[in-house]
Structures are given as C-alpha cells and as structure tokens.
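The two complexes that follow have chain A in common; it is paired with chain B in the first and with chain C in the second.
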Partner chain A sequence: MRSPPIPEMATQEVQLSETLAHLKTESDTLKGKLEEERAKLHDVELHQVAEKVEGLGQFVMKTRRTLKGHGNKVLCMDWCKDKRRIVSSSQDGKVIVWDAFTTNKEHAVTMPCTWVMACAYAPSGCAVACGGLDNKCSVYPLSLDKNENLAAKKKSVAMHTNYLSACSFTNSDMQILTSSGDGTCALWDVESGQLLQSFHGHAADVLCLDLAPSETGNTFVSGGCDKKANVWDMRSGQCIQSFETHESDINSVRYYPSGDAFASGSDDATCRLYDLRADREVAIYSKESIIFGVSSVDFSLSGRLLFGGYNDYTINVWDVLKGTRVSILFGHENRVSTLRVSPDGTAFCTGSWDHTLRTWA
Partner chain B sequence: MSGSSNLVAMKKVVQQLRFEASINRVKVSQAAADLQQFCIQNALQDPLLTGVSSSTNPFRPQKVCSFL
Partner chain C sequence: MTINTLAKGGWHRDQMACFRKMEKVIVAMQDPDMGMKMRNQRLLITVIPHAMTGRDVINWLMQKYNMCEEEALHLGGMLVRYGYIYPLKEPRSLVLRADESPYRFQTPYFWTSTRWPATELDYAIYLAKKNIRKQGELMEYEKERYSVLHKRINHTWDFVVMQAREQLRASKQRRKADRIVLECQEQAYWLINRPPQYLSHDPIMQGCLPSNPWISDDTAHWTMNTEVVPIPSRLRVERWSFSFMELLNDAMGRREFMTYLEKEFSAENLCFWQACEDIRHGENSRIVEKVEEVYKNFLAPGAARWVNIDSKTMDKTLKGIQHPHRFVMDDAQMHIYFLMKKDSFPRYLKSDLYKNMLAKAIVPQEVKKSVFPFMRRQRHSSPSPAQAVAQASEEEGRA
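On to the complex of A and B.
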C-alpha cells in the first residue's frame, strides 16, 4: 500500500527546521567568534595611548555669523567646496543657498513637500540636491541669473519608498548616494535617474551616511534606527563591517579625516569613535550631565576635535584622543539639528530648530 | 512557503557573518597610535585647533579702521 503524502511533507518540514536550527547555531557561533576576535586585539584604550599627547588649551569659539531667513526648523546644511557658500533646508519646504561671509541669500527654492530633511552641494558648486517627505532626491542646477525659476529645471533622481534622510554627491556631480526611512541606501546616476546600486542590511530607517575621503576608496558608512553603523563597498553593494554598540538611533556618522575611523552621534547622548582597521569601537564621548541626544557630528581638519550638535541646544567640543570635553558652546535657542565643518576647516556651521544657522570660529 | 524564505534569509545572515569574521584586524594599540600620529602631523594645518588670527580667517571680524 502506498504511504500517504502527508508524512513526506512532514519529513521535508522536519529537514527544513533542522537546517534552520543548524544555521541559527552557526550564526550564534559566528557572532561569538566575531566578539572574541575583536576582544583579542583590544589591548589598550585610545585615551591611554594618548596620555603623552599635550592637552588642549582653552578654546574661544563664538558665533561669527547668524543666517536668518528660514520660516521653520532648519534640518540640514552642507558647504560648497568654495568654502563660503552654504545650502540649507527646512521643515517649511524651503531650500536656501547663502553666502556665509556676507549672509546674503543667493538662491531659494520651494520644494513641493515639507520636512526637507536632506540637502547637499554638488562638488562643482553648480547644483544642489535635496529631498525629504517626498521620498525623492531632486537636483536643482544653480543659475547665475537670479531671476530664473530654479524649480523649472528640477531633476528627480532618487525614488525611495519612504522619506529621504540624507544625500551626498560622490566625488563628481554625476552620482548621488541616498539613505532612507525605507531601510536602504542607494547610489544613483544623476543624468538618467538610474539606480546603480542598492544597499540592504539595516533593519530599520537609515538616518545618515558619509562617504569615505576619496583617498581611501569606494566605501561609505551609514547609521540607523537599528543602532547599527554599517560600512559598505559602493561597487558590490556588500556590507563589509558592522558596528552595534550604541543604545539608540544613530543620527549622524562622519569619517575621521584619514579615513581609518568614523564617529557617530546617537539619541543615547553619546558620540563614539570606531576604528575600521581594529574593527571596533575605540572611544566613547559622554558625560553624566549630557542626557540629550546628539543630532550631528563632524571633525576638525586634523581629526583632533570632534564637534557634536545636541538636542539640548548646545554644541560640545571633544578632544578625540583624550576623550574629554574641551568646550561647550551656547547660542542656539532650540535643538541643533545639523553641523558641518567648512572644507578648509576655518569654521563650522550649525543649523537649528530655532530657524537659524550659525557659523562659528 | 515562509519556511524556505526564512532559510534563505538565515543563509544570508550566516554568509555575512562568515565574511565579517574573516577580515584582517589590527591591534587597538596600533590603530590608536596611527590615529594619534595623523592628528599630530596635521595639527598645525587645523585652523579650528590652532585658532587662526582675525586677519586671515574670513569668519572672524576684523578690526575696522576709522579715519580720525
């Protein structure tokens, strides 16, 4: 008598669950091995190595310019390579290009959506990219004719299935890297709008990204609501390293100027430094008195200073090597939402929910 | 069937972990020394660190000359 088909299916299911269990065990073993390997090389702390380095003196940094003009929270800003122009974007849907020396507004665009969470200047200085709740990243060529309607020349480049959280041109005007609330990052060709590569691996919204300095090759780092910072190979789409030590969303990631490390800022009120060659976290920048989240981080040119913009309206300046805070800066009247050091390192600019941007030096 | 898609997902996780476990790492002492070296080598070229004088930093206000 033929056996009924049901036991065969049962056998298949048993085999499947045995394989799943087998893979789960292997996965746990590998995670353990990863931690072991990383721990073996953890022979010293960064601040111990830096004990003999001269301490930093007092810093006198003040607001040098205040850029007023946005009608609502400033969410993002970026410097132009000419070291004087800035693009900023706001909750009110406006994207403004400023001359940071004179504080004059040079261009203004009204986006069809509110919450323009991301903006970036093209390397040539001839265009800006922006996006947010529209789930897209659009590129606007900047016209020399002030009367020209910039919105007419708008080019839609990226399409995500959730909000755009960050965007950055690669080292030319031709490609844009984006991160999104849909959990992915993507690389796009600006001219055709074609998707060149997508990056999957985050388990939740990706909030930030930063490209490696051009000398170090084709990688970028992203941070997300899954508390992970991932380093990606831009050509293959593969995640090459992953770090999960933050206790909450990672709002900002920025490469150390040598490209061998990156810093992150998180809702857990800490900034952390991860070394890529040691493959681990090597410093935490925190104080018991700092309880509000970090929205954005950036390094000074030598990498010795780390600037963090916080949700308690302040900017904390950290000695990267020694792990201590060297200065706290006041001025904004609401959360600092974005912070970037200028391309020549002479100043840094912050944007805030108080509707203004400030340059500091 | 959800069983086989779980399997595919798990295989990817294991593959990724195998890849990450296999990369070459250096000791923190070495990595930290290199980070420090970079800072020191570039310290003098870091205007925010050294504090550039008003005359050369376009963001710092210059003293205004007044005609007497």
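On to the complex of A and C.
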C-alpha cells in the first residue's frame, strides 16, 4: 500500500527545484555578463591585424623517415632534448625508444597493460615515463645494458582512478604532471611517488596537457571531454582561466612559443587559438572540407605555423596569423594520433594507427 | 614574433600608458598658443618648415614643467628615443642636443603607438627605395637584412620593387622640402622599428644552415649547435638578445652571462636564482637541506654571497624558511630574476663580451642536398644521453 506523500517533503521538493531553477538562471546570467565584459576588451580581430603581414610562400614538406616496429596503433610520442631521439607507445603495450635519425631502435619495454596512451621523455634523456589503461604513470630509467630488462628498474609514480591520458616531466626529471580519465590532473614527486598537488575542475575526462614556457614557470593548460580548456596555477591548484568555445572533446593543447597563447585541437574538426591576456579565443582554424577531428597539434619554432594531425589520416598546416591553411600532407594510412615538433624545430614527428611513425621536414 | 600584436602597434598595455603620456607632452608642445615657437630651419641649402632647435625644446620643457635643465634634457631625450621628435642633422643619432641642432615633430602617422607592427614587406620596400636611389647607401646591417628579405619573400619581390619605384616617383613630384621631411620621418621610423627576427630562426620556414639534417642526412647542424661548443653559431648568439629567458635557457648563454656577472661582481644573483630553481624542481626529500644551504650562502647576515633583496621580501622569506616548502624562495627568486632582467641583461647585451661573441660567431655555409639521390649519405648514430651520464658517473667512481 502506498503511503500518501508527506506534505512537508512535497513543499521541500518544490522549494528545492525552484532554488535549482533560480540558480541556473543566475549562472546563465553571469555567463552572459562575463562574455560581455570579455567582448569590451576585444579591440580587433587577429586576422585583421595580420592583413599587413605578408603571406607565406609555397610549402614543401615530405616524410623523411618512417619508423616501423610497433605491432599495433601508435598512440603517443615525445622527443628527447637531443633533437633526434624519440619515445613512442602503442596499443599493444609496447614502449620503444628510437634514434629517429638512423631509425634504429635503442630500447623497448613491454608494459603490463594495453593502450599505453601517454609517454614522455625525461629532460636529462636518461628516462622515460608512460602509462595508460593501468591508471598509472611509471618511470623507466634507460639502461645501457642490452641484457638488462628495463622493467626491472621501473618506478611507479602516479596513481589515478581511471586511465592515464597524458604525462609530462616539468623542468627536471624529478616531477611529473599527469592528466586522467578520472577528470583530474596531478603533480607528482618522482622519487617518492608522493602527490604534490591535484587539480580539480574538469567535468569529464581530461585528455591532454601542456606546460607553459613562462618566466615564472608556474602554470599549465589542460583540455577535456567537457569541451573546456583550463589554465591552472601549479602552486595553488586553482584554475585561473577557463575557455569553452569548442563543440566537442579537446584532444590536444599546446602553448604558443611565447607562452601568451595556446592552441587546441578538437573532435569538432577545428583548431583554435586562445590569447591568455585578452582572455578569449582569437582564431579558429577550420575548413568546410575538413570533417574529421583533430587529434594533436603543435607549433613550429617561431609559432607562425600550426601543425594538426587529423583522424582522416592527414596533416593540415595552418598560418597562425592569417588563419589560412598553407598545406595538406598525406602519407599515413590511418588516423594520425600524435604529433610533436622537434626541440630545435627542424622537423616534426607523427604517430598513427597505421602502426608507424613518420618524421617530416 | 609574439601574439602581443593584438595591442595596438604591438606594444604591451603598460607601455601604451607611457606612450599616451608622451603624446600628451608632444601635443602640448604643438599647442598654437602655449606651445613652442616654430621656425624655418636651414639644412644645408634647403629650408625645412616647422622645425625647432634642441635648445628650444629644452627651454620649453623647463618652463612648462618647472624642471631643471638636466631633467629637461633627460625627458627630451626620451621623446627623441621613442621617435616623437627626430633630428634633421645626423638622423642616426637619436639624441637631444641642447644647441642649435634642428629637430622636427614626427607625424602621428608614424607614432609608435598608432602604427601597426612594422612588417617585413614595408621594411623591404623602404630598403629597396634606398638601394635604388643611391647604390651602396645601405648600412652593413641593412645590407644583411636586404639579402635575407630578398630570399625570404622572394615570391613578392616584384611587388616590393614596383612599390619602391612608385613611391620614389611620387616623391620626386613633391617639393624638395616636403620630400626631405618625408624621408627624415621615414628614416626615423625605421631606426626605431626594426621588424622582429624570430622567423629567421624557424628551420621549417626558413631552412637551416648548413642544412636540415632530416633532409640532407648530414648532422653538421646538430654538431655545430650542441650544448657546449667552442664557437657558437650567429643565429644562436643573436637569439640570446631576444629575451632574458632565451639567454638563460641556453646553457652556453647562461655560462657567458655568468662570466659577465663575475666581472661586475654580481654573480651571486645568478647563482642564487639557479639554487632556487633547483629547490623548485628538485626531489621533495631534499627541499629542507637545500633551503638550509641557500639561506647559509645567500641570505644569512654576513653570508659569503649575500644577495640584495628588499627588506619586505627578505622578512617574508626568512619567516617562510622556518617551515620550508618547495615554493618558499619564490618571492626572493622573482625579485632577483627581475633585477637581472632589467639591469644586468641589457648591459650585458651592450658589453664587449657579448659583442665579441657575436662578432666571432659562425655563419655556416649552406650545403645543398646531394645531387645524386641514389648515393645516400651514411647516417651516423650518436651517443645516447643516458650513455654520457653513465660514463661520467663511472669516471667519478674510479677517481
């Protein structure tokens, strides 16, 4: 027998939903006001300023090296500071260190999990970090003894409650920044595995991150499935700026060389540029003919070019200032999943679901 | 090249405030009633209208702002430095002379704050005009820029030459006095606004010397640019002058700067900054020990390498040291960083040490890719960074 609803509770329920509706309206009004204020500070469009900048000439870039060795989809890669070595990770659990110049494999590790979605080279060049479906980020010192199993010296550093999507060393081998499917980012002390700071604010999986090249070196940006790009203060853990203009997951974020802006690549098939001082999006890089999502973006050394790896197997090269596409590069036979420009800007490397990596120059 | 071009004219918002103030002074100077008395000035045999002498400028400033001659000279000097007033004689010397030297107001079109960022195209046209008018009139650095630009924007070079010729033709039709005025204005503008040079450092856009290793299979470019090298490349040394951060990020640049600071007896600043970086990015377990060391060496009264921090920051830091954490040195580190950036860094760039380094720096010869594609160069491997570290620790162990 159903008991009749208690009058007080009914009143409470009505009050609650009224409060919620009221709060929602307030939140929308505030968002609108924020946009108004941002618009007041906006004086001129980027491409208008760029009208006086002369256009770029013809672009010829080709595959210069093809690295074959992974048995399955390549998911991530990173450059060593020596400008020629790279580390790559793949769906089959393998992490390989290559001399991309000679195409020789120098080290290989088999992870205890599949889908190694993140890997990073240590600044010293003496270790690599990686992780994925194991929810962890582990550091492997690179041994020179060919007989030694790298896995023996493995150090477990980060522990998340969902998959590891990205990782990066900070200025030294001693700290690692991670992002995860559990919606958080975290900063870890490598030696002890201690959590130094966690960053909460994304409403869904965090897919990517990048450290700011600034004088104070204290911030980083992350992008997530909540379509937001957040800028964080590493010291306090606070989100200091947030940008929400993409229409779908943000797969990649990368700072402009000066550190005053960053680019993002999303499943909505666009790349966008956000200026931190103006606190707004300042450019969209898109074309009607580009339908598939962007998996990975990076800038050329001067920041004039933006390279994007796409899910339709291509790489599009954008003129950052003018907003136009300069070139389209073909070669991979499946999705481009990762793209990074080399430390001295002489080339960029891509990894793909076609099991290979390519260096372009 | 930075995204700061969003602020008008490519200057940061705080610099804009300074320009507005300078412009207020300039406008007051040109006020028909209370402004300066202008007259025609003689430049060789041509008479330039609406000009004034350096002495006029100083007297007006002294009177209007109730300042002494020294201060008027300084303020007037700033107005010349930033291009609001330009000299008619010796245009390259952006200095205010307290004598009969003639000066003129720069037209607002060329004001630093209103102008779009100086583009390469405009600069190329200006240089082309100079070259056409009088062969060999270009200065050394202008000749360099001219040939670099010619290579870089080669696809628009016809346009550049055409524009240059057009502008020269149009100017021939002006009265000589107007022409000289315009030339002076333009010259003054370009002295102040040389276009930024990051683009020439971008190998994907400009190529690199002697060749891009990925294209030519020749690693000479990397060999010449390793961290420590007896003679660095010209581009590398130039890059140190772009910003303080660029200098510090390059191991060699940092070393050179340390040498300079040692000569100035302020090396403790850079050492302190490095020690603070070490704390910020080092292992958790060693923070307490490192903070102790830094206090002993740099902050304690009578410390061997005492750093000069303002009392407020010092008090805050000393208090924080009692409960040391990773960021306890942040304020002090920032203070010293900006001290070096604003003071030592600009002086270093003007020093003989830097100038000599720039002079003897190498500009490698371009080496084109081999003509015979089937004769592939051997690709040499290089020692792994891990190897270098292992060897070093082995040697230490043996010693």
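Assume the second predicted complex is superposed on the first by the 329 of 361 C-alpha atoms of A that agree within 3 Å, B and C clash if a C-alpha of one lies under 4 Å from a C-alpha of the other, contacts with A are read in each partner's own complex, and residues count from 1 in each chain.
Following the convention adopted for this analysis, a residue touches a chain if its C-beta (ideal position, glycine included) is under 8 Å from a C-beta of that chain, and two chains touch if they have at least 3 such contacts.
Every value quoted in this text rests on a predicted model; they were computed, and no experiment measured them.
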Review point. So, on chain A, is it clash or fit between chain B and chain C?
Key: clash
Exercise for review: Figure out whether A:Phe101 sits in contact with chain B (first) or chain C (second), or with both, or with neither.
Suggested key: both
Check your understanding: For A:Gln194, is the partner it touches chain B (first), chain C (second), both, or none of the two (neither)?
Key -> second
Point to revise | Which of chain B and chain C A:Glu244 touches, first, second, both or neither | key: neither
Exercise for review: Quick one: classify A:Arg38 as touching chain B (first), chain C (second), both or neither.
Suggested key: first
Practice item. Classify the contacts of A:Thr170 with the two partner chains as first (chain B alone), second (chain C alone), both, or neither. Key: second
Practice item. With the two complexes superposed on chain A, say which partner A:Glu18 touches: chain B (first), chain C (second), both, or neither. Key: neither
**Study point:** Which of chain B and chain C A:Arg85 touches, first, second, both or neither
**Key:** second
Exercise for review: Report for A:Ser302: first if it touches chain B alone, second if chain C alone, otherwise both or neither.
Suggested key: both
Point to revise | chain B versus chain C as contact partner of A:Val60, first or second or both or neither | key: first
Revision key, fill the gap. Which of 1-9, 91-99 or 325-333 hits chain B? In chain C, it is stretch 1-9
**Study point:** Overlapping contact positions on chain A, where the chain C interface meets the chain B interface
**Key:** 43-44, 46, 49-50, 53, 56, 61, 64-65, 84, 101, 256-258, 260-261, 275, 277-278, 282, 300-305, 341, 344-348, 359, 361
Study note, to complete from the structure: The residues of chain A that touch chain B in their complex are 13, 16-17, 19-20, 23-24, 26-27, 30-31, 33-34, 37-38, 41-46, 49-50, 53, 56, 59-61, 64-65, 84, 100-101, 201, 238-242, 256-258, 260-261, 275, 277-280, 282, 300-305, 320-321, 341, 344-348, 359, 361
Check your understanding: Considering the complex alone, what residue numbers of chain B touch chain A?
Key -> 3-4, 6-7, 10-11, 13-14, 16-21, 23, 25-36, 38-43, 45-49, 51-52, 57-61
Practice item. Provide the residue numbers of chain C that touch chain A in the complex, in ascending order. Key: 1-6, 8, 13, 116-117, 119-122, 153-156, 198-199, 201-205, 208, 212-215, 219, 221-222, 225, 244-245, 277, 280-285, 326-327, 330, 334, 337, 379-382, 384-387, 389-390
Check your understanding: Quick one: in the complex, what on chain A touches chain C?
Key -> 43-44, 46, 49-50, 52-58, 61, 64-65, 80-85, 99, 101-102, 104, 106, 124-126, 141-144, 170-172, 174-175, 189-192, 194, 196, 213, 215-217, 235, 256-258, 260-261, 273, 275, 277-278, 282, 300-305, 341, 344-348, 359, 361
